[in-house]
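The same subunit A turns up in both complexes below, where it pairs with subunit B and then with subunit C.
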Partner chain A sequence: MNKNTLFYLALLTGLLFLAQSLLNDYYQRVLAVVFINIILTVSLNLTNGFVGDFSLGHAAFMSIGAYLSAVLTLPPASKAGLMPQLPAWLGQLEVPFLAATILGGLLAALVAAVVGIPVLRLRGHYLAVATLGLMVIVRVVAINWTAVTRGAKGINGLPAFTNLWWVFGWAVVTVYVVWRLVNSSYGRAMIAIREDATAAAARGVNVTAHRMLAFCVGAFFAGIAGALWGHLITAITPHSFSFLITFNVVVMLVVGGMGSISGSILGATVMTLVPEFLRRVETSLSLGGHPLYGLSQIIIAVTITLVMIFRRQGLLGGREVQLPRLFDRQRALPQARVDTTG
Partner chain B sequence: MFSLPYIAQQVVNGLTLGSIYALVAIGLSIVYGILRLINFAHGDLLMVGAYLALALLLNTALPLGAAVLLPMIIVGGVGMLVERLAYRPLRGAPEVAMLITSLAVSSVIQNGTIMTLSAQPRAFRLPQELIAQQKVGVVSFSTLDVLSVAMAVGLMALLTLFVTRTRVGIAMRACAENLRAARLMGININQVIAYAFAIGSALAAAAGFMWAGRFGSIEPFMGFLPGLKAFVAAVIGGIGSIPGAMLGGYLLGFAEIFFVGFLPPELSGYRDAFVFALLLLVLLVRPRGLLATVAEREG
Partner chain C sequence: MSAVMAEKPFLLEAEGLAKAFKGLLAVHNYHVRVSKGEILGIIGPNGAGKTTVFNLITGVLPPTRGWIRFQGHNIVGRAPHEIARMGIARTFQNIRLFRALSVRENVMLGLQMHARAGLGETILSLPRFLERERRLADEAMHLLELFDLDHLWASPAQSLSFGHQRRLEIATALATRPSLLLLDEPAAGMNPSEKEELMGLIHHIHKEFDLTIIIIEHDMRVIMGICQRIQTLNYGEVIAEGTPAEIQANPRVIEAYLGHSQPMGTLLQRA
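The block that comes next holds the complex of A and B.
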């Protein structure tokens, strides 16, 4: 960590203090969702942007993380009431939030590994269908495994642990880990796979292993995001994590530009705030007395189609935006630009 | 353990469900074979077909045949239109770009339906003589079941004639084999692709009628699951191959019905999970499917 990074982290922390004291509950919640979406988008970028596979599994991994962390953090007293059939040792267990979150992420990564073994040997876009299938499997299990998940009723009354600091902290960790990964030899191998998998394999890159690594790390952070989301909303059902969530994360990724971490952050921020605004407009709109529900999703989807046709590289086009360096001992030297497009 | 009539009944059920999957899978498979596009909007065209059929049944005195045929024609046109507007501008773009676009198209169709017709499920009632269960010998089925299977088989026979006997059909198979070579041979690939979308969408609309008749209600998101399962069917049969899609559709229909019919009832809630677990299994042991035409290892 150099001085620049520390300075910007301190600046963000200060801004967050301000936000916490100035903003009302609604805006604080929107801000928390922005950070959760940053975690989701940056982690999805690893598989979809850097390796060039196409995962649609983020809703499934969120669901796994949310359910496991919920079962772990609920106090034994409420568990006895909500889930009487729970095994005794699990019923007595009460795990701190941080540990529950990490365990949720680890389980999501484990499931990703199980799905990845058959799928990641194949062409990248089989992954899209297999991960959507995983979403259906996770939902079906959540509906039918009533002893642990309470079935379609879902689990409510989760402790409201998630606050701005948790989501901010995890967003920083996600960005840091993904950034370090992408700018390491692993990351260069991933980008090589995206550009030409056959050539990468011929050069001695273990293609399947690197795809697996990206997919599992992405799933881990999606699981974390699910746990955070569950403890923010404090109620989860099998239908909380639908295809719509996955689609919206893909939209954020595409708008920001696949293969750019700063693009993901930008895309997640813009595409959380714009639909939030559109939704408020939508509820007040009508056409001859006919309400126009669904209009905001249509606008988003048409935007994506246009982005795909006219500006496929997204806002940042796979490049990174660098914040100005304020403390730099080598200011006289020309700056090496971090270019992840390789 | 299981009586013979019970087993026969399950076979009949599998045949009906398999017909629907086969019809949807064909459209996905043709398009995938030519463009390497997983068309996530395919299931939504099934939904549009069901809504159109309902509108015709409720508001007009047209015979039932027209309520099946007209939506097929209209949805076939919609499929061509979608291809023209959303996919053709992306010709030559990375496969991922088309995949994302198909997700967006799916979202537009679903939310357009919600906006114009609301998200409420609607009852899809066919005349009583169609859905009444009749007992013939040891098994019982409705006239709709018979019609569904007969129609599916008839449409598939027509399609087989089309792709083996007509110029466009043969060109379509050539495109699936190798798009670039087909273009170099002077085949108008845009025309072939438009035909592929029209045929696939029309078949999906027919399947939509059967699906709606079978379950008795329709809603804007109804296309998601059959669309996804049909893809599983296409993968089982060998994606890109039309006979493969038919075979895969029936195999998946039987597998799903047998899973529910012959395993302990407390497992039947897991039937959708079973279908996708089957997909993972097939991808593990035979990723190119049973009748594969396309090389699907790393490419």
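The block that comes next holds the complex of A and C.
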């Protein structure tokens, strides 16, 4: 890590301290959701933006991460009350939050591998269908495996471990890992696959392996995000992670611009804050005595339609925005990539 | 038929190769034997099945029948990337570069199968990763110099002129360090002076990289000037094989071209 990166990290850390002391609970929670959405969008970008596959699996992977981490972090006393049928060893277990989060991510990645092995060898958009199917399966399991998930009632009373530092830290890790991958031989191979999979294979690129890598890394961070979300809201049900979440993440990705990490960060931030702000507006505005419920959704839908019509490549158009370099000016392999995904 | 050096094993051998597309027999009973260091030409009218032969050899399409051996190993059923790693590289008839990647990254992609850092090293950005990336970049620049494209290294591949793109595609194929190079109509769309340059380039890389080359080409001047041996395909079948002189005199070849109303004049005069 060079001086510039460290400087900006320090700056962000300082701002976060300020936010923590100045903002009220509501705004802190909104900020936490922004970071969770950054994790989700940046990680989905790997598959959907760089490799050019189309996954709709993020809600399912979040769900897996959230449930596993919940079962692991709940204190044995609460587990005895909430889930008496839990196997004894699991009932006794109390895992630290960090470990539980990572295990949630790993399980999500494992499930992604199981889904990916048959599907990612095929050409075409089978992944979208398979991941939609996965979402249904995960929900059915969550509803019916009552011994562990408590079925439709869901699990509540999760320890509220998630704070700004956790979500910020994980967002930094996600961005760093994805950025590192994309700017390496792995990323070159992924972009080549997106551009022309046949030609990539002719240059020795193992297409299936790279699609798999992107999909599993994406699932890992979605699982992490699910764990963070669960310990932020402190209650999860089989319906917490619906198609709407996947849809929102895809929208953030598209608005920011596929194939750009800074675009994902921007898209996630804008598309979290704007709807949140509009929701407050719609309750305060009124027309003939009725609050304007639904106004925010309409405005978002219109925004997306406009983006699709006038700027299909998203706000950043697949390019990366670089923060100004304040210290050294050397290093930095010049980037000469253009977006062709639009 | 030309006498191929006996004893010596063939670099590439295929026998009884066939490919059917829903009833259309694009390639039929195709056979080939290429010795190390040879330059073989494949000619034939449009739709004769020339590109399909390349697709079969490189594993893009599975053959309906027949076998292919490369360096003594059966390669039918192997994945395209495995075949590329064994040492067969190709260019495509319609140039296929990675448009969003830079010129240098296009070359690095071909090189990286020989020297890439592991996943852990990459993510942790260990010195070995940085060293490997630097080496890939240096080697890529080296290749680009040879193709006189080094000044364009940072440009996106899609911004290059047609002629430059054709040259770059050959450079990316060479980056995989092949022993067999398959060129699919490399001179298509070039003007006479560009074709002249291309011929020089092919001669040069043939020697420099110790290559065996199979080249599909419609331009008779190019094909006659480069190849030691030529195969003629028509309706998916080899109808003639021999030295350039033998091919030019072969009545079946002349008929195949006349039947397809191709400019026969070029075939006779130019060579």
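The working rule: the second predicted complex is superposed on the first by the 312 of 342 C-alpha atoms of A that agree within 3 Å, B and C clash if a C-alpha of one lies under 4 Å from a C-alpha of the other, contacts with A are read in each partner's own complex, and residues count from 1 in each chain.
The rule we apply is simple: a contact is a pair of C-beta atoms (placed from the backbone, for glycine too) under 8 Å apart; a residue touches a chain by one contact, two chains touch by 3 or more.
All values derive from a computational prediction rather than experimental measurement.
Undergrad: If we overlay the two complexes on their shared chain A, which of subunit B and subunit C does A:R203 touch? Say first, second, both or neither.
TA: second
Undergrad: Quick check for you: in the superposed arrangement, does A:P324 touch first (subunit B), second (subunit C), both or neither?
TA: It touches nothing on subunit B or subunit C.
Undergrad: Is A:H125 in contact with subunit B, with subunit C, with both, or with neither (first, second, both, neither)?
TA: First partner only, subunit B.
Undergrad: For the three-chain arrangement built by superposition, which of subunit B and subunit C touches the greater number of subunit A residues?
TA: B
Undergrad: Quick one: is A:R188 in contact with subunit B, with subunit C, with both, or with neither? Answer first, second, both or neither.
TA: After superposition on chain A, A:R188 lies in contact with subunit C alone.
Undergrad: Where does A:L134 make contact in the superposed view: on subunit B (first), on subunit C (second), on both, or on neither?
TA: First partner only, subunit B.
Undergrad: Looking at the overlay, what does A:M308 touch: subunit B (first), subunit C (second), both, or neither?
TA: first
Undergrad: Output the subunit A positions appearing in both contact lists, the one against subunit B and the one against subunit C.
TA: Touching subunit B in the first complex and subunit C in the second, residues 198, 201, 207 of subunit A appear in both lists.
Undergrad: Touching subunit A in the complex: which residues of subunit B?
TA: 36, 38, 86, 89-90, 93-97, 99-101, 103-105, 107-108, 110-112, 114-115, 118-119, 224-225, 228, 231-232, 235, 269-273, 275-277, 279-281, 283-284, 287, 296-299
Undergrad: Residues of subunit A touching subunit C in their complex?
TA: Touching subunit C: residues 1, 177, 180-181, 184-186, 188-189, 191-192, 194-196, 198-207, 213, 259, 318, 333-340 of subunit A.
Undergrad: Going by the contact rule at the top, pick out the subunit A residues touching subunit B in the complex.
TA: Those in contact with subunit B are residues 48, 52, 54, 115, 117-119, 121-126, 128-130, 132-134, 136-137, 140-141, 143-144, 197-198, 201, 207, 243, 247, 250, 254, 258, 292-295, 297-298, 300-302, 304-305, 308-309, 312.
Undergrad: In their shared complex, at which residues does subunit C touch subunit A?
TA: 58, 60, 79-81, 84-85, 89-90, 92, 96-105, 108-110, 112-113, 116-117, 119, 122-123, 125, 129, 132-133, 136-137, 154-156, 158, 172-173, 175-176
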